[in-house]
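In what follows, chain A forms one complex with chain B and a second complex with chain C.
Here is the complex of A and B:
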C-alpha cells in the first residue's frame, strides 16, 4: 500500500518535475514556467497545512514507512510549530524569488537545479529520522554545487569545490555522531532505530562522549549557518554564486542550520545544550560584532550582504542558546524576518547586476531617480535588516535582546549596541549606492516590471504586517517553543 | 554420481571447461574476435545462471567428497561470491567488447586467460584447504600477470606485468610458508579442522599458528593492496589495459576477501585479536597514505587506482570489527564489496569504453568539458564518482553506512573517524572530475559521436543499480532492494557456521 502524504508531495513534487524536465526537450522558458507553477502549488499546500495546524507542542502530519528494515531506518516525516514557520517561509520566498529571477535569461539547468534544491530543503525540514535527515542534508549540496559551478561568476569552480568540501566535512562528523547514537540505542534497547523520538531515550552514553557527539553535530550546523570561525567559505561563495544560488544559500539553507539546531540538538542533548550555551551565546555575539564590523569595510554589495547575513545569523544563534522564551521566539522570528529581508536584498542585487553588471558600491549612485519602485522595495528590506520599528526585524531583534539580557546583562548590552553597527553600514550603502546623485553612468538601470513587483509585494507586506501585529504569527510557534523549554530543557517560564 | 553435489560445482565446471575450449579454439583463424567474445559471454552467462539457482538458499556441503575429500566446499557463502565474480566477469566482457574489437592487438588467447583467472578466483572462494587456496590464487594471479602485459610491444604494459609478477610471486611465497607453519602447528591444512585444533590448543603454545597466520595475512594485504604493500597498485593498474584494470579492481579483491573472511571467521577466530593493533596501524596508514596518493595524481586511471587503496582501507575497518560484531561486520564487508564493485566497474568500464575511441582520455585534463560532448557518459561517470565518494542516494553511501556503523558497534569509533576523514579528502579528487567535466567548455568542439554497441546500455544499467542500491526500498514489492542485499549477505555469513 502506498499512501502519499502532503509532506511527501511537498518534498518530491519539485524533484519529479525536475527529472521530467531534464529528460524532455522542453525549452528554457517552459522550464522556468513549470518551476514557477510547482512553487505556487507548494505554496498552496503549505497554506493548507498552516490553516489546519493544531496549536499543540506536538508533531503533526506524521508519515512513516520502513526504508532499510535491517537497520531500523525509516522514511519518517512530521512537522511542529517551528518547522511550520520555516515551511511557510520557504513556500512564500521561493515563488517570489522565481518572479525576480524571471528576466535573468538563465538556461534550463538553472531552473532544474533550483527545483532539486527545493526538494532537498523540504526533505531536511520534515525528516524525523536522522539518517533520512542526513540524506536530504547532503542531497541538497549537489544541486548547489552544480548551480554555482555552472552559472557562477569569478573563480566559480574553486568556490564551489571549496564550499562543497567544507560543508561535507562538517556533515561527515555529524554522520559519525548519528551512527554513534544509533549504535548506543541498539546496545541499550536491542533494536535498531535512528528515529529522533527513539534516540532521545538513550541514557547510556557518558557525559564526555555526549559533549563530543554534540560538537560533531554542531560542526555541521556551524559551517552551514556559518558561525565564527567556520565562515571562511562564505565570502567567495556568496560573491561568486549566481543570484538564485546566493538567495537559497543565505535566506534558506543557512536558516536550516539554525532550525536543525533547535530541532535536533535540544531534544538529543538537553543537558549539554544548557551546559555549553554560554560558549555558543558568546560565539554568536562575537560573530554578530565581528561580521558587522567586517561588513562596514566592504565595497562590493554582495560581500557586504554576505557579512551582514552572517552577522544576523550569529544573532539568531545567540538567541537560540539564550535558554528562554524571548530569545528563542526572537530567533524564530528573526529567521523569518531575516530570510525575507536578505532574500529580498540579494534578489534586488541580482536585478542591479543584470542591469549594470558587477560594480562596487562607489560605482553606483543615482539609482533612485532611474528606478523608484526598486528603491522603495530596497528601502523596506534595508529597514527590516536594520530593525527599524514597524518591521518584523525590529520585533525579532527586540525579543532576542530581551532574551539575552535575561541570560546575561553584558550579553544583552553588547548585542543591543551592535544593532547600531548594522544601521551604519546599511544606511551608508543605501545612501551611497541608491539615493545619492553621482557622476557614474547608471542609465542602463531599468525599474522593476510588474512580475518583480508581484514577487516583492508579499514579502514587503509581510515584513510590515509582522512588525505591526507580531502575535498573528507568534501564536503558532509559541506552544512548540514552550514545549522545548519547559518539557525538554526544564528551564524558563511562561511569558 | 551424486547429481545434486555436482550441480553445486556446475559454475566452476562451466568456466573451467570454457577456458580449455577457448584455448583449443584460439589457433583457428576463421573464428573472429567478435565470436570469441560472444562465446566467452555465453560461458559466463551459463555459469551465472547455474549459480543463481542456489542464490538465497541456506546450505553447506562438501561436494564430491569421495574425490576431493574436504578440499572444496560449496555453501551459500560461495554462491554469493561466485555470483559477484561472475557478474564482474560478465560486465567486463560486455563493456570491454568494444575495446577488444577496436584495439587490434588483442589476441584470442586473451579470452581463455580471462576465463582461467575467473576460474581461479571462484576456486579460491570454494577452497576449503590451504594448498587448494594457494593453487587457486596462483591460477588467478598468473592469468592476470599475462593479461596485464598482453600487448607486449608497449613497454608500459610489460613493465607493469613484470612488477606485478615479481612482487606477486614474492607475496605468494609467504602464503606457502604460512601454510607450512600452520601445518606444523596443528597438523592439518583443512579449514574447519584447523579451527578445531586451534580451539584445543588454546592456552598452550600456538606461536607457529600465529606466525603462519601472519604470513597468510601478508599475502592477502599484498593482493588487496593495503599499506605497506600498496606500491605496485598504481603502476600495475595504470599499465594494464583498461578492461583488465576494471576486472582486477572490481573482482580480484572480492575473491581475496572471499577467502580471507572464511579463514578468519571460522578457523583463526580464537586468536584473531592478536592482530588487532597491527590492523589499526595498517588501516590508518592505508586510508591516509592512499588518500595522499589519490590527491596527487594527474591521471584519472592512476587516481582510481590510488582510490582503490583507500577503499581497501574502508573494508579493513569492517574487517577488524568482525571480532566483536561478526554478523553485521562481515555482511558489511560483503555489502561494501558489492558497492565498490559496482561503482568501480562502472567507472573503469566507462573510461575503457571512451578510450576505445581515442587514446588520450585518461588524465583529468582530457575530461575538461566532457559533459558538453558526451552528456550521457558524463552523467554516468558522475554517478559513479558520487558513489565512490559515498554521497547519499548511491550504493556507496549505504556501504559506508554499514562499515562505519559496524566500526562504532565494535567500539572502534576512532577508526570510523579516520574513515570519515578519508571520505572527506576523497570528495576533493572525485568532485574535481565532475567539476572539470561540467564547468568548463571543451577544448575542441567535436561532433557528438553516437553511442555504439551494448556497453552504454550495460553502463546505464550499472548506474541504475548504483542508485537503486542507495535508495531502493520496500515500497516497490518483488524488486530486490537494500534489505534483500543485506539479508542475502547475512545468509551467506550464516552458512559458514553450519556444522
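Here is the complex of A and C:
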C-alpha cells in the first residue's frame, strides 16, 4: 500500500491518533484537544473533496488494494454524490459535537472511543467491498457500546446488551447474504469477489432467493435505521446513553443505515427494490405517524427525541423507496437536515443534563429566562425538526412529500401529515421544558459558553442557508441520484 | 427597477437580523441604548413603503408587471423553482397597505413597548414578520409564497408567546401554530396535487395559469378546496378559527398588525391570487362564500356576549374576514380587497385604541371594569368613535362603502341566503361594537381606579393618522351611485369590479337597508348600554358566552384523544406487545438452549448409552437396507 489516498487518510487518521494516545501517558484534556484537532483536519480534507468533486453520477476517488487475495476480498473505497454529502455532514457534525462535549469532563477512554468511532464511520461510508463494509459496520459499533456501557446512566448494562444483541443479530443475516452473494459469484464466474461492481453482475440467483437476500440486508439496515417493528432497542439505549453516544447513534449511525440502503440495495437488487417499494413506503409512512404519536406522551426528553428520530427516519425511508428524483433527493436532504437538528438537540440536551442532572420534561421549565443563547439554538433546531420554511428541514420534507405524491396520491396525502406530526410534540416540549416558568428550581442552569456557541453556530447557519438556497447544495447530489434512477432502477423515464 | 421587489422584502429582514443580533448582544454582554433597536426597526417599513410607492407610480404610468428572479431556489429534473418576485397590481397594492399600516403600528409599538425588557426582541420578531408577509404577497409562485406563509405563522407564534414565562401565553401560541398547521396540511396537499399536473412548465403563477385548463375538473375542485383549507387556518374561518381569540395573549400592537390588519388577510389574498383557478370552479367558490357567511355570523353572535375588549375585537376580525370570503367566493375579488384595505385601517385603529385604554387602565382588559373613558382621553375617544362607526357601516366612513359593495355582490349574484346572513351579521356588528363603545367610553363607572397611566403623543399620533384613513379610505372605491368610478376596483385589472346586473333603483334600496340595519344595531346597543349600570354583574354563562363550547369540543376530540392514543401506542402497543414479541424470540432461544443443554450434562454413562443406542440404530438400519 504505497499510495495512500485522501479517503484512507480520513479513515485511518483518527485510528492512528487514538492508538498513539492510548500508548502515551497524555492526560484527559490533551486527548480531548487532540481529538478535536483531528476532527478539524478531517473537516478540511472533506471540504477539499467537496470543492473538487466532479458532477457526474459515477464513483470517484477510487482506492483499490487487494486485502485477502485468496477470497477476492479487497480494500476498495470510493465515493459518489450521496456519500459526499454524508461525508460533509459527518465532518461538520463531529467537531461541533466535540465543542459541545468539551466541558463534560469525560475520561481519556471516552475520547479515544470517539476517535475509533469516527474511523469506523468513515470506513463504512467509503467501502465498496462488501466484506470490508461489513468489517467497518461492525467495527464502528464496538466503541459505541463501550461508551454506553461505561459512561451511560440508568440500566446501562442491560441497554448495551440489548442493543448489541439486536444489531449483531441483524448484521448476521446481512453477513450470510453477503457470503451467499460471494459464493454465487464464484459459481458463476469462477473466481472470488466481494466487490460491489462485480456482485451486481450475478444473474444466476433465483427470484425467490434474491428476495430473501434483500430481506437479509434489510434486516440489518432496518434495525440500524430503525424501522417498525425493529425499533424497540431505541428507547432504552437513547435514554441511557451519554450525550456523545446518543448523538452518534441518532445523527450519524441511523443515517448510515439509510445511506447503505441506497448504496448497496439499489445496485444489487434493483428489481426487488422496485417490487418491494410499496412495502417500505408503507412501513416508512406508518413509522412516521406511529412514532410521531408515540412521542407525544413521552416525559423523558431523550425518549421523546428517540421516537422523533424514528419518525423522521421512517419518512426518510419512505422517500428513498419513492422511486423518483424528488423523493430520493428529499431523503438525502432530510438525512442532512435531520442529522444537524437532532444532533444539535441531543447535544443541547447534554448541556441540560450537565447543568441540571437528568430530569423529566415536567421537572424543567424556565430555562429560557436563565439561558437565552441556549434557547435560541434550541429553537432553531426545533424549527428545523418541525420543518419550517427557511430551514433545510422544510425543503427536505417538501421534496419527499412531492416524491411520494408522484409515487401514489394516497401515500402523498398521508405523508403530508409530517407537517403536523413533529409540530404536535416539539412545540409542547419547547413550551414546557424551555420557555414557560415553573416551580422547578433551574438556578443551576448556565448559558452556553463561547466554545459551545462556536460549535452550534455553523450548524444553525447551515440549517438556514440550506433552507434559503437549497440548490447550492442539492446540485452536488443530483447526478448520483439520477444515475441510480435512470441507469440502475430504470424508472427515471417514468418521471 | 425589478430588483426593488427583492429589496422590499430584504430591508425588513436585514433590519430584523440587525436588531436580533443587537438584542442578543444586549442581554448576554451588556445593555445598549434602545436607539439601536428603534432606528433600524422603524425605518424598515417606511423604506419598503417608499420602494412600493416607486413601483406603484411606475405601474400607474405604464401598466407593467415587474418580475425579478435573483437565483434558482431548487432545480430537480424538469422542476425549476426560482426565488422569484412578482410585482403586479395586486401585490403592490398589498405591499402599500401592509407597509403603511405596519409603519404606523411600528411607531405605536415603540411607545407601547418602551418599558418592556424585550423591546429589541419585539422588533426583531416584528420586522421578521413584516419581511415574511411581504414575501408572501410578492412571491411569484405558490411555493415561495408558502415560505412567507409559514414565516408569518411562525412570527405569529413567537409574538403570541412573547411573554413566554407565563405558560398560558405559550399554550396560546402553540394552539395558533398547530391550528394553522392543520390548514397548512391542506394547503400543502393542494400544492402537491397542483404540482403534479403543471410542474413541467415551471411552478409560478403564470405557468400554472397557462396549464390550468388541462387539469380535470374534479381534481381542480379538490385542489381549490385544499388551498382554501389553508386559508381557513390563516384567516380564522370555521372550523379553524379557534386560535384567533387566544392569540390576543400577545402584546396589543401584535394583535393590531398581525391578527387584524395583515396576516389574517393572507387567506383572502391567496384566493384572489388564484383567481384563475377559482373562476373555473364556481361551486367551490360558492362553498367558500357560505363558509365566509357562517363565520361572519358565528363570530358576530359570540362577540355580543364577550367582556374582554381584545376578544371582542378578535371575533369582529373573524366576522369581517367572513365578509371578505363571501366576496372572493362569489368572484368579486376587488370588493374583497377593498374590504381588506378599509378593514386594515379601522381594525388596526380599534386595536390600537383598545391598547391605549388598556395601558391607561394599567392592563385592564375587561370592558365592564372600564367606563367613562371619554373624559380621560378625548383623542382616543374620537378615534375609536370613527373606527366604530366605520366597522358598523355608517356612511361616509370607510367600512360602509366596502361592506355595501360586498352585500350588493351577494344580492346581485342571487345568493339571497348569504345576503340575509350577511345583513343579519351587520346588525350584530353594529350592536356589539357600540356595546363595547358605550360601555367603555360613556358609562359612568366609579369603581375603577382614578389614577391613570399617561400615554404619549407617539402613541396617539398613529391613531389620528389611522382615523383619517378610516374616514376617507372608503372614497378609494366610491361606487358609480355617488358619481365615483370604483377607482380601486378599476385599477386592480384582473381582480377588478365585475359588471353588476342591478339597476340603480335596487342599489339605492339595498343601500338604504344597509344604513337602516347599522342604525338599528346602534339603537339596540344604545338602549341597553348607553347608561350601563356597572354595579350589576353581567351574566357570565350560557352557550354564547362560552363560545358554543367549541374549544372544549376540540380539546376533547383532538387533544385529549390524541394524548390517549399516544399513551396507548407508547405503552400498550410498543412496550407490551412489539417489544415483548421481539424479546420473546430471544427468550425462546434461551429456552431452546436450556433444553438442549440437558443433554450436555457430563454424565459419561448417559453419553455411552446414547452412543450405543445410536450405533445400534445405525446397524439395524444398515442391516435392513443391505438385507
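Methods note: the second predicted complex is superposed on the first by the 490 of 495 C-alpha atoms of A that agree within 3 Å, B and C clash if a C-alpha of one lies under 4 Å from a C-alpha of the other, contacts with A are read in each partner's own complex, and residues count from 1 in each chain.
Definition applied: a residue touches a chain if its C-beta (ideal position, glycine included) is under 8 Å from a C-beta of that chain, and two chains touch if they have at least 3 such contacts.
What you see is a predicted model, and the numbers here were worked out from it, not measured in a lab.
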item	value
First, second, both or neither for A:63, with chain B first and chain C second	neither
Which superposed partner A:198 touches (first chain B, second chain C, both, neither)	neither
Touched partner set for A:452, first chain B, second chain C, both or neither	neither
Partner chain(s) touched by A:80 [first = chain B, second = chain C, both, neither]	neither
Touched partner set for A:129, first chain B, second chain C, both or neither	neither
Which partner, chain B or chain C, touches more chain A residues	C
Partner chain(s) touched by A:165 [first = chain B, second = chain C, both, neither]	both
Partner chain in contact with A:412 - chain B first, chain C second, else both or neither	second
Residues of chain A that lie at the interface with chain B and also at the interface with chain C	165
Chain C to chain A touching residues, read off their complex	24, 27-28, 71-77, 79, 83, 143, 146-151, 154, 157, 161, 164-167, 170-171, 173-174, 177-178, 181-182, 184-185, 188-189, 192-193, 195-196, 562-563, 565-567, 569-570, 574-575, 578-579, 581-583, 586
Residues of chain A defined as touching chain B within the complex	2, 65-71, 75, 131, 134-136, 138-139, 141-142, 145-146, 149-150, 156-157, 160-161, 164-165, 168-169, 172-173, 175-176, 179-180, 182-183, 186-187
Chain A contact footprint on chain B (complex, rising order)	386, 391-393, 397-398, 401-402, 404-405, 408-409, 413, 416-417, 420, 423-424, 427-428, 431-432, 434-435, 438-440, 473-475, 482-483, 486-487, 490
Chain C-facing residues of chain A, complex	165, 228-232, 235, 290, 293-298, 307, 325-326, 329, 366, 368-369, 372-373, 376, 383, 388-390, 394-395, 398-399, 401-402, 405-406, 409, 412-413, 416-417, 419-420, 423-424, 427-428, 431-432, 435-438, 447, 469-471, 474-475, 478, 482, 495
